[in-house]
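Look at the two complexes coming up: chain A is in both, with chain B in one and chain C in the other.
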Partner chain A sequence: MKRVYVNEEWCLGCHLCEYNCAFANSGESDMVKALKGKPIRPRIRVEGDDRITYAVSCRHCLDPLCIRSCISGAIHREDGVVCIDREKCVGCLTCVLVCPYGAVQPGPDGAAMKCELCLHNAAGEPACAAGCPNRAIVYEEREEGQA
Partner chain B sequence: MKKYLIIGGSIAGVSCAEGIRSRDGEGEITLVTAEAFSNYGRPLISYYLEGKTDIPRMSWRGEDFYEKNRVQVRHGVTAEKLEPEAKRVILSTGEALSYDALCLCLGSHPFSPRFEGLETVENRFFFTTLEDALALEKAVGKESRVLIVGAGFIGLKCAEGLRDRAGSVTVCDLAAHAMSANLDADCAPILEKHLAENGLRLMLGDTVTKFEGKTARMKSGKTVKFDVLVIAIGTRPNVSLLAEAGGAVNKGILAGERMETSLPGVWAAGDCTESMDVSAGEAGLLAVLPNASLQGFCAGVNMAGGAEKFDKGIKMNSIGFFGLHIMSAGTYTEPVYTEITEHSCKKLFAAGGVLTGFILLGDVSRAGIYTSLIRERTPLETVDFEALKKEPSLLPFGQAFRAKKLGGAV
Partner chain C sequence: MPGIDYFYPEFEVVRRDERCIRCRVCERQCANEVHRYDAERDMLISDEAKCVNCQRCVSLCPTRALKIVRSDCRLRENANWDGDTIREVYKQAASGGVLLSSMGNPKPLPVYWDKLLINASQVTNPSIDPLREPMETKVFLGKKPDRMTRDAEGRLKTDLTPQLELSMPVMFSAMSYGSISYNAHASLARAATEMGVCYNTGEGGLHEDFYRYGPHTIVQVASGRFGVHEDYLEAGAAIEIKMGQGAKPGIGGHLPGAKVGPDVSRTRMIPEGSDAISPAPHHDIYSIEDLRQLVWSLKEATGHRKPVIVKVAAVHNIAAIASGIARSGADIIAIDGFRGGTGAAPTRIRDHVGIPIELALSSVDQRLRDEGIRNNVSLVVGGSIRSSADVVKAVALGADACYIATAAVLALGCHLCRTCQSGKCNWGIATQRPDLTKRLNPEIGSQRLVNLLTAWKREIMELMGGMGINSIEALRGNRLMLRGVGLNETELRILGISHAGE
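Entry: the complex of A and B
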């Protein structure tokens, strides 16, 4: 299946992916209205230091620990995409406790949230990849272990 | 066609069925469980009382799970005897069910020491099943004074669930601190203060010596008047079905990394088992939901001829009370990092060159990066541990690690 991958050599550390992500998941149609003056809650985050930067988001693991660990059964797969049913989630954050990539976080209402590849929002496909100016973030099919 | 039998319809049992079906679409799966409800998130019972979920949403793998996975379920039926030579299980209905592969997913039962006068208490409950929660929902009214014996996570979750329903909630524990199995004396006071600020009355280092109807006489000499009593002192693995059949048990059913018991054709998973804790280097009770699920799945795959291992087991827990998040994992060996403020606490423990445990209270973001270090037994010399101590991130793991994890399917 297609996933979001990051080529860290090409990442400029511009954080645009974070803004595009927060906007895509805001439910708003106007970026200024969605983001201006508000703390943004992107599901992808740029990390690194003054030499290296890269973005981290849910890996949609082949055998996701979060799905096995979720106490409410809120985390599940939809065609391979790991999704959170935020109606079922009670916000215990066991997913945050087990995710090896630190890719899950509490959302504004306390329920957990993470990248769902923009399949449930108006973007339709990952806004982080679509808007990455240097094509460091890509949305494509890769094999296990292939870099 | 292979005949699979699963005893216990909770997290481990349901995960076992998932594991079987991941390899064998044909075999016949029967699941027998003592409770009237099954396949629900057991930890959700306090959220139910709090009004944060309801019975339909508590379904762990969805209401169509059994149908979709072709599992024959028998609710309200207890397995009473295991006959390993004949490969069959005798049920409370008198039936004998034969199997080719059996998995015991029996969980645990609440434990109650003998309190003098306990039989004089009319309204007394445990807090481990949905039925317990439904009974408490009925018994507790706006005026009720609730006394909970046990300030472990189950007792405190119960207290949180009942706070808005009851007149008052008091929690006592012989231990000097709340959640003493998970927190240490540095971290626990932050939680205790938070609980008190949220209306719970804590009586720590104190417990009941005698019950007289609606009065509890405490060790300290105090008395507590109550209407409803909840005993939440602890749980014990259900081992007798296997032990009486001659299987090896210690505190829990002994299960190796394939989740096989000492009896051929008999697997076990979840809270009823005792298995290797990689952070301690010895077997122990790893009784939390993620382990029950991982073990059940592993057992199921192996019952169907696969080769799964459960070999990264540690204790780990994430829980919150009135908005304060608490995570704990692994074994508390040598403290190597401590950061304590008025509202938060962070402690990391390491030994033998690997991270063995942590406690986080307040800021829990990206804690899984630490959990993963413990489970994978990552040599700390291969990462920039000084940087990791301060903040969990993937930077200290180096470029090769990131290329593998962020650059391919994992």
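Entry: the complex of A and C
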């Protein structure tokens, strides 16, 4: 299965992935309209310090703790992609607590949200990878279990 | 020096605030620290005095909120005293120093490539469609035999002196590790290997990671002899002795100690933090005979298995100089025109010394033919080959291949801001700062170079096909394929071509 991988050697810490993510999930067709003057809620976050930076988003684990811990059955897998049915989510945020990558966040409406590889939005494929200026974020197939 | 600042910034940063989403990518990406986020006012502000117009921020701004424009605040210029000239006087009055610049000569001197037009077949001799018929762009650089010879049994003798095989008549010219980054070198090395051409180490030695690209590497021996040792010479496909550089004929080079970090230090075999100074002359070469000694020393050192290139800048007596080099035992002569690029050169030298490569090439090719020694050497020309059309014109004027460097760094993202000497290249090319060099991912860089060469190769084939020529060998020195426009009798005579319409 294709996943989002990060080559921290090439991450510039420019944070464009965060803005591309927020835009892709905004439902808007214009980035300015989607993001100007608003706090952004990206599902990918650039972490690091002044020496090294890297972007972190959902790993789409083979045995995801978030699915195991979900009390309402909202988190499920679709062809390997870990997704949240936001109608079913009761907002208990257990998933936020258990995710070892910190890749699940509470959404503005209370339901949890996370990277779903842009498969359900207009971008069609991960906007973070498509917009990364240095190919630090890639969307590709690697052997299962490889980071 | 205290006092009045005479300079109004050359560029203005135009930010359309209605588009700015405060992502601050401009601020994070500018090594010159032009952009700054003011949290109190929640807006980005800019100090345009620091802007060099490299367009990194423009290219990365996700909402196209930014553009850089030339300031329209003009000095009181006139036809004699233009703005740049006045500013240079101000600069020197303030600093007392020699002016430094980078990249090639920007002056409006004639670009002869643009005054040469290429022929095409009509009616009588058929043109060739490169998509349907074979088309050969491969070249071999090195000494060629004057005639075919056969052994006692009548078999053709094929033992040639060493040749450099290129899939197309284009190579990446010398840019040292030090002047450009590790990742820029990695991009050039990978692209040259993939395309079956060569790149050139420049005089900074060869980083240990790049020995594996040796078969596509030209190793340079310059006046500083930085990084030259036996394994280095053995690693390359050819050895280049650099006598001169088009951007700064007659002078040496100076890599500031600040750029000599651990890796550069190891590769150049000099102490960390020390200035790397290349003398203006080779201190052991004061005549063609001395040059001959170095050529033969290098050949002996490598068992006569590698062609030796001698690179010179195009200067006034270039034809006589080339004739001497052709008799020195060199296999290839590389001539660098006055528009060639550089990481740093004194402005006056860059802008006022040397001659155009087009004139140098045609006079050298003619001289070597007249003297019957054209087959002794191959000719490689550089110094602003900007497109495949320039390559075709150069080959028709007599070149065996071309060197490109400015076009190559443009492909890597260079925006010709001409401030390489600052060491703060925002595109990760002309810098050694780790946070900046990582901006050039060689995976992307090499692909862009491969794309550029692939495109040029296709265009060269199209142009050749149009002339009814199916082999680059048949185009070489075929000056009948060129006509001049707007050139005077002397220029036409030196170029060895007729005027358009003749």
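Note that in this section the second predicted complex is superposed on the first by the 143 of 147 C-alpha atoms of A that agree within 3 Å, B and C clash if a C-alpha of one lies under 4 Å from a C-alpha of the other, contacts with A are read in each partner's own complex, and residues count from 1 in each chain.
Assume a contact is a pair of C-beta atoms (placed from the backbone, for glycine too) under 8 Å apart; a residue touches a chain by one contact, two chains touch by 3 or more.
In this text the structure is predicted, and so the values were computed from the model without any measurement.
After superposition onto chain A, the partners chain B and chain C occupy separate space and fit alongside each other. In the superposed model, A:97 makes contact with chain B only, not with chain C.
Using the contact criterion defined above for the overlaid structures, shared-chain residue A:68 touches chain B, although it does not reach chain C. In the superposed model, A:35 makes contact with chain C only, not with chain B. Using the contact criterion defined above for the overlaid structures, shared-chain residue A:19 touches chain C, although it does not reach chain B. When chain B and chain C are set side by side, the one touching more residues of chain A is B.
Of the two partner chains, neither chain B nor chain C is touched by A:122.
Looking at the shared chain after the overlay, A:131 reaches chain C, while chain B stays out of its contact range. Between chain B and chain C the least C-alpha distance in the superposed model amounts to 17 Å. Contacts of chain A with chain B, set against its contacts with chain C after fitting on chain A, share not one residue.
Taken in their complex, chain B has these residues touching chain A: 15, 41-44, 47, 52-53, 57-62, 289-290, 293-294, 297, 316-320, 323, 325, 327, 329, 364-369, 371-372, 392-395, 399, 402-410. Chain A meets chain C in the complex at residues 9-10, 12-16, 18-20, 23, 31-32, 35-36, 131, 133-136. Chain contact summary for the complex, chain A toward chain B: residues 3, 5-8, 47-49, 52, 54, 56, 59, 61-62, 65, 68-69, 71-73, 87-88, 90-102, 104-105, 110, 142-147. Against chain A, in their complex, chain C makes its touches with residues 18-25, 28-29, 59-60, 62-63, 438-439, 441, 443-444.
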